[in-house]
Structure formats: C-alpha cells, structure tokens
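Some structures are shown below for you to check.
One chain, subunit A, links the two complexes that follow: it is found with subunit B in the first and with subunit C in the second.
Right, the complex of A and B next:
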C-alpha cells in the first residue's frame, strides 16, 4: 500500500518533463525510503536515475515495496490536468493494478481524481558503482542548457574539456565550429551562476549533444547542475532537488574524430 | 623575430649558381657515370650548365613513374654518392627500388657532393654508435666548413632576400667605425631597432605599414624621444604587446641622454643599458646597422642551426640555447655579419620552414647534418634488406667514449615525438611534456581553543599557520603544518618492516607522522599543551600545479583548553616561523589554494555535508565486461556512441 501526498503538483510535472523525452515506460519503485526510478532510454545509451525521498511527501506511507509500471506519456497527460499549485496524492495497492492520483486545488474547493492503468515492465536494473571522478563541475543549470542548445546548431556531439581554469564545451561541424568556455568561480556574488570545479585530473571527453539536450529538460528542477567526468566512464549529470535528485548517465563517444 | 611568410618561395630556383665548380663537375660525372643504368638517354648529354634541366627531367620521371618508389635514376645517383665516400660494397645495391624518397635527387643537381658525403658517413657512424656522438658533431669544426656555409648563405641572401623598408643597410660595405659612430650610422641603427621590436611576435606583412607610418611620424631617434607616450601608444594600436612601444619610447629617451642619441655598437652594453633590448635584438642592431660581427639567434635561426648541426636537445633548455648561440657565434661572418645574420633568419623563414622545409632549394644543404642523417638512414634501410651486415662488430664500446667530450644534450629518440623520426623536421626537438608527478602530503589543521587572560577571559579560537621555506614550491607562503611526501616516505620505510601493507593515505600512519612533525619541528607536544585533543580525518583534497599533482591528506586536530604560554612553548632551532590566526584572518590570509581546499574540507564537515569524498576503490568501472545480454536497439544511428550498459552491471531484481 502506497500513499504519498505531495505539496505541489509542479514538482511531479517537472520530473515527468525531465524524463519522458528519454524513456517511455518505467517502474516507479516505491519503498519506505521514497520513490525511485531507474531506466535506460530505448537505445540503451543513457540511464536515468531519479529519487524522491520520503521527506518530500507529507505524509508518506509505504509498508512494502512496490514497482509501479507506468507509461510516462500517459502519466504526463494526466498530470496536465493538475494545476501547478495543486496538492497531489498518489495511491497504489499491490492488489490493484492502477495508480490513483488526486489533485486538490489550494483553496480546497476542487478535487479531481484519476486512475491510471499500470503495466508490467520487465525492467533491467543496473548497478551503478561508486566512482571517484576526475572532474566534478558544478554550474548553473540554465547556462548548461543554453550551451547545449547553442552548440547543437553546429554538431551532434560536443567535446568537454575540464582544466583547473575552467570548463570548455566545443563543437565542430560542417558549417563551422564553436566553443564556450566558463571560467571557474569568477562570480562570488551570484553563487547560483558560478562555475565550481573540483579537479583531480584534466579531462577531455566527447558526448552526444542530443542526449545532453534531453538531460537539460530537468533544468526547471534545480538552478544548479553537476557534471562529473572521468575518461572512459559515463558522464554523470545531476540535478539536485530539495528532497531528491535526478541523475543522468551517458557514456562518452568513442573515437577522437567525432 | 621574423615570422615565416610564404613570400618568395615561388621565385626560388635550385641555387648553387655560385657553388665551387668541383661540386658541379663531380655531380655531372656522377650523373653521367650512372646514366648507363638509367633508362633515359636524354640524361647523357648533361653538363654543368644543364643541372636545372636535369632536375626537371627527374621531376617529370617521378610523376610519370607507375611505381612511385622506384625511380631508378635517382637511386643510382645517391647510391653512387655514398659509395665513393665509404668505399664499401654498396654499388651493387644502387638499383634497389627501396631507397629513394622523392627528394634524393637534388643532391645530384645542387649539392656539393663531397661535402654531403662526409656528413653522411658521420651520420652513419653516429647511428652505428646507437646515437652517441661527440659534442663537436654540433659545431662547425673547420674554417673550411664555416667559410663554405657563410659563402652559401651570403650568396643566397644577395639574391633571395625580401625587400623590406628597413633593409637599407644591406648595401653597407664594411664595418662602421665603432669608436666614432656617425649620425648616419645612428639613424640606421634606429630604423633596425624599430623594425626588430615591431617584428617581435608579429608577422612581417603586418609590420610594414606600421613601420612606414612610424618612420614618417618619428623619423629620428630624437623625435621619438620627444614624442608623447600617448601618441606612441596610438601609433602602436593594432600591433599588440604595448609594453614594446613603451620600452622603445623609454629606450629612445635613455639613448638620447646617455649615448648622445646613437645606439652603442657593443651588443653587451646595448642589451644591458637599453630597455627592451635583449641579447637577440642587440645582436641584430649591431650586426645589421654597424656590421659588427655579433651573433643572433631567434626562432628561425634555432631551427636552421639545429637542423644544420643535428642538435637534438630540447630547444627550451638553457644549455641547448647556449649551444645554438655558440654555433652562431662560431659562424658569424666577419666582414658581412649583417647580411649573413639576416640570411640565416631569412633561410629559416623561407626555406627551412617548420614543416615541409624546401631542402631541394636550400643553399646550405651540403652542410646539413639533418639531411645527411636522413639520406644515411634511407641508405641503411636499403642495406638491411639487402646483403647481411656485420654491424655489431663495429659498435663502439663504452670505454671508447670515456674521456671524450660526448654530447649529453641530445634527447634520446624515444623521448621525442615519433612522427618525424628520420626526417629533417625531427629537429629542433622539444622534450615531451612529462605528466605531472604525484605527491602526497599530510596536513594538520591544528585548532586551539583557549581563554586568554588579557581580555577578560573570552574564548579564543585560533589555527596554527607555518611559513614555508623561502625556496622551492610556494616559497614563503603560509600553510597549516604539513608533512611533505619525503618525510612521510622516510617514516614509511622505517615502518614498512613492521607493517606490510602501509600506505601514505593510511590515516593512522599520517596522524603519527603529523604528531612527530609537530613535536620535533615545532616543539608542540599535544599531550601536554592542552586539556583535551580531538582528532579527525578530513579525507583528502587534490590540487594541480603545473608539474605536480598534489594530494593533501587533511587531519583536523582540535585542542581545547590550550594552556601553554609562549614561554612554555619551547621551539626547536630549525623551527619555521609560526603564527596563530583566527578563522576570519584565515579567510583573507595568503595561503596556497591547495591548503585552502583542506580548510574547505573542514568547513564541509562542520556544516554536516559530509564533504569528505568517499575513497571508493576503482575509479573506473569500465573493467566490467560488456553485457552480452543487452540486445542492441534496432535503430542505432551512431556507432561511436557506446551503450550505457557496457559500463554498469545488470542486477537481478
């Protein structure tokens, strides 16, 4: 039995926006810790891992673990009928193969109830090892989104170079090439916009811009994003929320002439 | 520094017009003697004056040949060249299709055959000795060698130099009267000076209009000295490196005041007393303007000389730079130093270019060791594939080198980027940048909390800073007490016997090292100086220096109830300067970034963010084998994009 009440529907909506481009179906794994989701995209190139800790809900109750197989497109359609400020209550029961959603508006004078059919998803759960990354870059998420969007015009892959001076995104394509460099921690006053680099080793890696652009769909969830990189290890793009996170993993492209 | 430009290259013909006739006749003889083996009958009519035609014929052959690597005529010429030098049984191999890179030909057309032969046999000796050679290999040992090169350079320069507005001095005949410089001499020197300063870091083509404008604005040194610095900077706008303009201006004022407006003719004095003039510019001014025999070495000259003399040392290292200066000084033309020096630079800029040097147009190819080495290598490659050779027997033994002046500057070939091996462009060499070395150190953030009697017993909280030695890395900066790697290492060695798998990152070991450091170097005995001590491992922070990757292992030591007074604290003799500072002062103190990072670790710990990184085992998870279970999606557009499941293991649910 799951019962979870979320103060604003906006959070759930944003999460759906952040993942539905990459994955169509996924299991929401509910346990007494909270609600988690892990899935690969269709082509098994990227991995999404999301966690909403139980502290984020009031109240939260889950007496035994549940895997709710949800079609994310359907869920986001249903969520569209909720106002941003609505209070959402999720309910599910192991005996029942539906997820029930209740939206109450802030004035508490409009209540809508939906039931979404669940599906059986044979999910492949991947173990993500603890990794010490060569470079961990924390930067403005809006800036990251903008860079990925701007460079997409030129190429479908981007080379990310991290040195202690800064992080450089460079794209080469048929119509030309371009690069954006952000210097480390230049701005003390605007902490949200500063770029902070923790570096063990310089690194230079190539990634698919299409996927990175997909990841930036999570930008509304957090003003900051963290890029963690090591050579020959998937990139970790993390958006931290108050009571959870959404993490994307993407393997670097092979070959230097990408 | 004159930048390379491509100008003039097209107009160049294989020179050697002024070459001694010996070369030409040898060459002709060789050509004729070998044409019996070649297939073209038109070669037979060659004589000296046709040498250019000969090269054309060869070029055509190269194009028309179906197998590009078997140009018989060329092969024979070169093989014969070597044969006469070494008197070995090589003549049989002259038809081998393996020798003959496309430019072996020009030897027959332009070079002084005997000279390059000598260089080739030198190169062979060096190679057989495994690359070992005497220092003299890099010098021009005989007067004959020097004069030949000087002659070639000056002759070439007379014909091929670029006409530049400041090259009036070219016409200068003989040395200026150094003791009695005229205003005319001074004017020439001023022009050269301005041009040299402008040419630093800037392309000649860019410089010309600026130079002309400058000269119309301040035609003499005196007028420049009287100019307003604002105007000078304005005239410089667009050239960049504005300090050059400022120094020119300052220099002009100084020369006007101290040297009566005429730049001195002594390069040493010039470099010493005029701002903005260094060893190179001084040499350029005195040699170009006054025809004083002074050497100059700029980037172009370095390249040229390192190839001519096969100088394989790292061109960035001071010893190798000195060697280049030594060679240049040895070479400098006594009567026409200006033309010779400019000729060297011009050759470097136009012919001996960084990539694709035009060896077949080069007037000094017969003095070029790099070229000889290449030819010799080609020759030996052919040999190795041909008859068996007893090379090893002729190897020089170690003792044969003892007592001789062996060159220790040249880098072993393995340390050089491999792509140019065996080519002229392998010189000048740069050392491969070494990866930063790893270093570890143990940092103790000693925090004392105490009540001072002076100001009413308020609680004081302070951190101990120690001043680094005045030499070495981060000299004179303040840091937390730090045990450097060597000291950690020493202790480790002693401990190693007792404890097998000890590691520098082992906290216990570190805190013991820190303890003994505090006790012996700073005289702090933690057991005595305070009421209680709390110690905690903070994990580690990494900082990258240009040449070191330093890992700071940090430990937090909080000493509460500190009761030692300064008098009680008996510091040992070699104790560095120490100071207790408050946390606020720490934030503004000039401490190195790496040390700052350790303090950040402490901050993180306090704010409960558990900032200390988990030291997880393998950083790379790629060792996990790719899962075969995972079917590749049907429409995979990008082959360069690996699947994520190659990196992360599947888990059964």
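Right, the complex of A and C next:
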C-alpha cells in the first residue's frame, strides 16, 4: 500500500517531462525509502535513474515494496490536468492494478481524481558501480542545455575535453566546426553560473548530442548540473533536486580522434 | 560416328528409366536451387591419354534479375575441332530456344569426343556475394568460377593446350590473369563475342544457356507456403522483359522481399524494394560507434538469480518437450536461431 502526498504537482510534471522522451514505460519502485525509477532507453545506450526520497512527501507511507508499471506518456497526459500548484496524492495497492492520483487546488475547493491503469513491465535492472571519476564538472544547467542545443546544429556528437583550465565542448560536422569552452570558476560572484572542476586526470570523450539534448529536458528541475566522466565509463549527468535526483548515464561513442 | 549412331544415342536416352528428365539436359536439377553446383560429364570416351585438347568458356544469364548464372566449359581434341564447325555451333543468343536445345542434344550425342561441364550459381549465392560487407563483384565471381572449371578439368587429366574465353570485361587483363594462373596451357585467348568466333566457345555457350533455361523453366521454389501458389509468369528474367518486371511488382512481400529465385543485389530489385517495401530499422545501423550502456554496467545480482531461475524453469520445460525441428527453409538457407535462453 502506497500513499504519498506531494506539495506541488509542478515537481512531478517536470520529472515526467525529463524522462518521457527517453523511455516510454517504466516501473516506479516504491519502498519506505521513497519512489525510484531506473530504465534504459530502447537502444540501450542511455540509462535514467530517478529518486524521490520519502522526505519530499508529506505524508509518505509505503509498508511494502511495490513496482508500479506505468506508461509515462499516459501519466504525463493525466498530469496535464493538474495545476502547477495543486497538491498531488498518489495511491496504489498491491491488490489493485491502478495508480490513483488526486489533485487538490491550493484553495482546496476543487478536487480531481484519476486512475491510471498499470502494466506489467519486464525491467532489467543494471548494477551501477561506485566510480571515482577522472573529472567531475559542476556547471549551470541552463548553460549546459544551451551548449548542447547550439552544437547540435553542427554534428550528431560532441567531444568533451576536461582539463584544469576548463571544459571544452567541440563538434565537427559537414558544414563546419564549433567549440564552446567554459573556464573554471569564472563567475565567482554568481555562484549559480560558475563552473567548478574537480580533476584527477584530464579526459576526452565523445558523446551523442541527441541523447545529451534529451537529458537537458531536466533543466527546470535544477539550476545546476554535474557531469562526471572517466574514459571507458558511461558519462553521468546529474540534476539534483531538494529531495532526490535524476541521473542520466550515457555510454560513450567510440571516438575516431581520441 | 554416323548420323544413325547419334540417333540411337538419343533413343536410348528417351527409353531410359529417368523418363521424366529425358527431354531435359543432364545438367539441370530436380531440387530447389539454393546452393550453387557443378555438373561435369565423364571424359570423352575416345580421348587418349595426353591427347591435346582445346577448351572454350562462356556464360549465360549474367544480366537477368531472376534465376541462376551459368558458366559452361566445353572441350574436345584439337585435331577434331573441325568437326565442331560442321555441327553448326554459333552464338547461342542468335539461336532460338529449340535450336539451342537440339544443339545440346548434338553435344550430348558425342560423348566419344566432347566433354563439358557447367557451374550453376544460385541467385542466393550471387546476391550474397554481391551484398556481403566485403563486396565481391560479378566479374570476380565470373573469373573465379571460370578458373575453377578449368582447374577441375585439368585435374581430371585432360591435356588442355588452348583455351578460348568469352568475356564482357576488358579481355587483356583477364587474359594476363589466366596466363599467370595456367602457365602450362600453351595458348589462352580471351575475347569479346568469342562465342561467334570460336566453335568450341559456341558449344560451351550452348551448354551454359540450355542449362540456365532449363533450371529457370523448371524452377522449384523452396519457400514453404508460396511454392505451389506463386505465379510462374516471370518471363525471361531480364530486367528489360515487361513480364519479368510485372512479376517482380506483383510478388513482392513488403518485409521479406522475394523468394530465392530473385537476385536481391540487382538494381531493379533494389529500386522496387525501396519504393514499395517496408523499411526495417536496424538499431545499430547508423550508430556503429555508439556503445551500449548495458555492456558497460552489469545486471544486478538479484536479476541474475531471477534469470537463473527462469533458465532453470525453461530447461525443465525443454526436457519435457521434444526439441523442435529446425524448419527446412532455415536449414536450406543456412539460418540458425541466435536467441540464447
């Protein structure tokens, strides 16, 4: 039995926006710890791991673990009928094959109730090993989204080089080349916009811009994004939320000039 | 050998137990043509050891989009080559089908003097060669097939002194290539339209052409489900034949394309498939350099044990049911199931 009350529907809406283009169906794994989701995209190139800790809900009750198989497109459609400020209550029961959603407006004079059919999803859980990354770059999420969008004009893939001076995103394509470099801690006054690099070793890796652009759908969830990289290891793109996170893992491309 | 003798030969053949094939050349086949094969006659009965021979090579069915491509070789003693001329060999393409058939009968009626063999390349093998990753073009296929037929004949102990080859490519380089491979053959001539210049090539051309026509006319479809129902109105097989084009248009499966009579590697075929076939997206197609995350992260312990459990259940299930036979078509086409439970 799950009962979870979320203060604003906006958070859930943003989370759905952030994952629904990458994956269509996923299990929401509910436990006393909170609600988690892990799924790979269809071509098994990227993996999304989302966690909403129980502290984010008031109240939160989950007496036994539940896997709620949800079609994310349907859920996002239902969520469209909720106002951003609405309070959302999620309810599910192991004996039932539906997820019930209740939206209450802030004035508490309008209540809407929806039931979403659940589905059996054969999910493949991957074990994500603890990794000490060669480079961990924390930067503005809006800046990251802009770079990915700008470079997509030139190429399908981007080469990311991290040195102690900064992080460089470079794309080579048929119509020309382009590169954006962000210098470390250039904006000390504006903490939100600064670029902070923790470096063990320089690294240079190639990634698909299509996927990176997909990840930036999570930008509204956090003003900061962290890119963690090591060679031969999937890139970790993390958006931290107050009581949880969305992590995207992306397998590198085999670069021809690395 | 007199005219009467050769008549007797034919009579004998008609009266033989293999009556069903009596009007067909011995080089045809009664099985679906999936793998290429070679047919060869025994050595000419009058051939003396070390007697010098000439050998001609020609092909049939290079252009068509349907059916096999056939390479034929024909050989006889050098001192009897004038007899060939009197038998009436000319360019097979200028002859009518029944004239060609009767000329093959002439060849077949002289096992004392003429030896021949054909290599029948199946459409599937042609397509596979041309479409495989390291492309193997039609010329290379032609050369290798010819070389193999000559080598087989030499291996049987025939003393070949002169070789005449019909070619569609540049003759000079091909001739050099053959001279390099067969230094013991005194004279190798590669020429365009050799079948109208040299009777021995003309004879080889008859062997190839009649074999191809026969295989196509008696084509046996290997594909279950359509083999008895599919239209046989496929015409000559040439892309210029409206009947052939009509047949190709009417008999396309949007997913699987065509049965194995068709050379998938032909432009005609590709155009039609592009136009009306269903596109299949292969996930790896344009992302060859993209790694999979599932190969970089491991499946978790829990899932591994679940998988093992499923595997165990599946294997006990398997033990109770007899193994399913591999479908004939999969066997014929060399396909195997790659899903590992």
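Methods note: the second predicted complex is superposed on the first by the 255 of 258 C-alpha atoms of A that agree within 3 Å, B and C clash if a C-alpha of one lies under 4 Å from a C-alpha of the other, contacts with A are read in each partner's own complex, and residues count from 1 in each chain.
In this section, a residue touches a chain if its C-beta (ideal position, glycine included) is under 8 Å from a C-beta of that chain, and two chains touch if they have at least 3 such contacts.
Since the model is a prediction, treat every value here as computed from it, not as a measurement.
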Ask   = Between subunit B (first) and subunit C (second), which does A:45 come into contact with in this model arrangement: first, second, both, or neither?
value = both
Partner touching more residues of subunit A, subunit B vs subunit C, is chain B
**Request:** Mind working out whether A:36 is in touch with subunit B, subunit C, both or neither, as first, second, both or neither?
**Result:** neither
Key: Touching partner for A:179 - first (subunit B), second (subunit C), both, neither   = neither
Task = Would you check which partner chain A:208 touches, where first means subunit B only, second means subunit C only, and both and neither mean what they say?
result = both
Worksheet item: Just subunit B (first), just subunit C (second), both, or neither: which does A:125 touch?
Response: both
Inset, instruction - Could you tell me if A:254 is touching subunit B, subunit C, both of them or neither one (first, second, both, neither)? - result: both
Shared subunit A footprint, subunit B vs subunit C, residue numbers 40, 42-47, 124-129, 206, 208, 232-234, 249-255
Listed in rising order, subunit A residues that touch subunit B in their complex are 40, 42-47, 123-134, 156-157, 164, 199-202, 206, 208, 230, 232-234, 249-255, 258
Subunit A partner, complex, touching residues on subunit B are 542, 544, 549, 613-616, 618-622, 630, 632-633, 635-636, 638, 640-653
Within their complex, subunit A touches subunit C through residues 40, 42-47, 124-129, 206, 208, 232-234, 249-256
Note: in the complex, subunit C contacts subunit A through residues 283, 287, 289-303
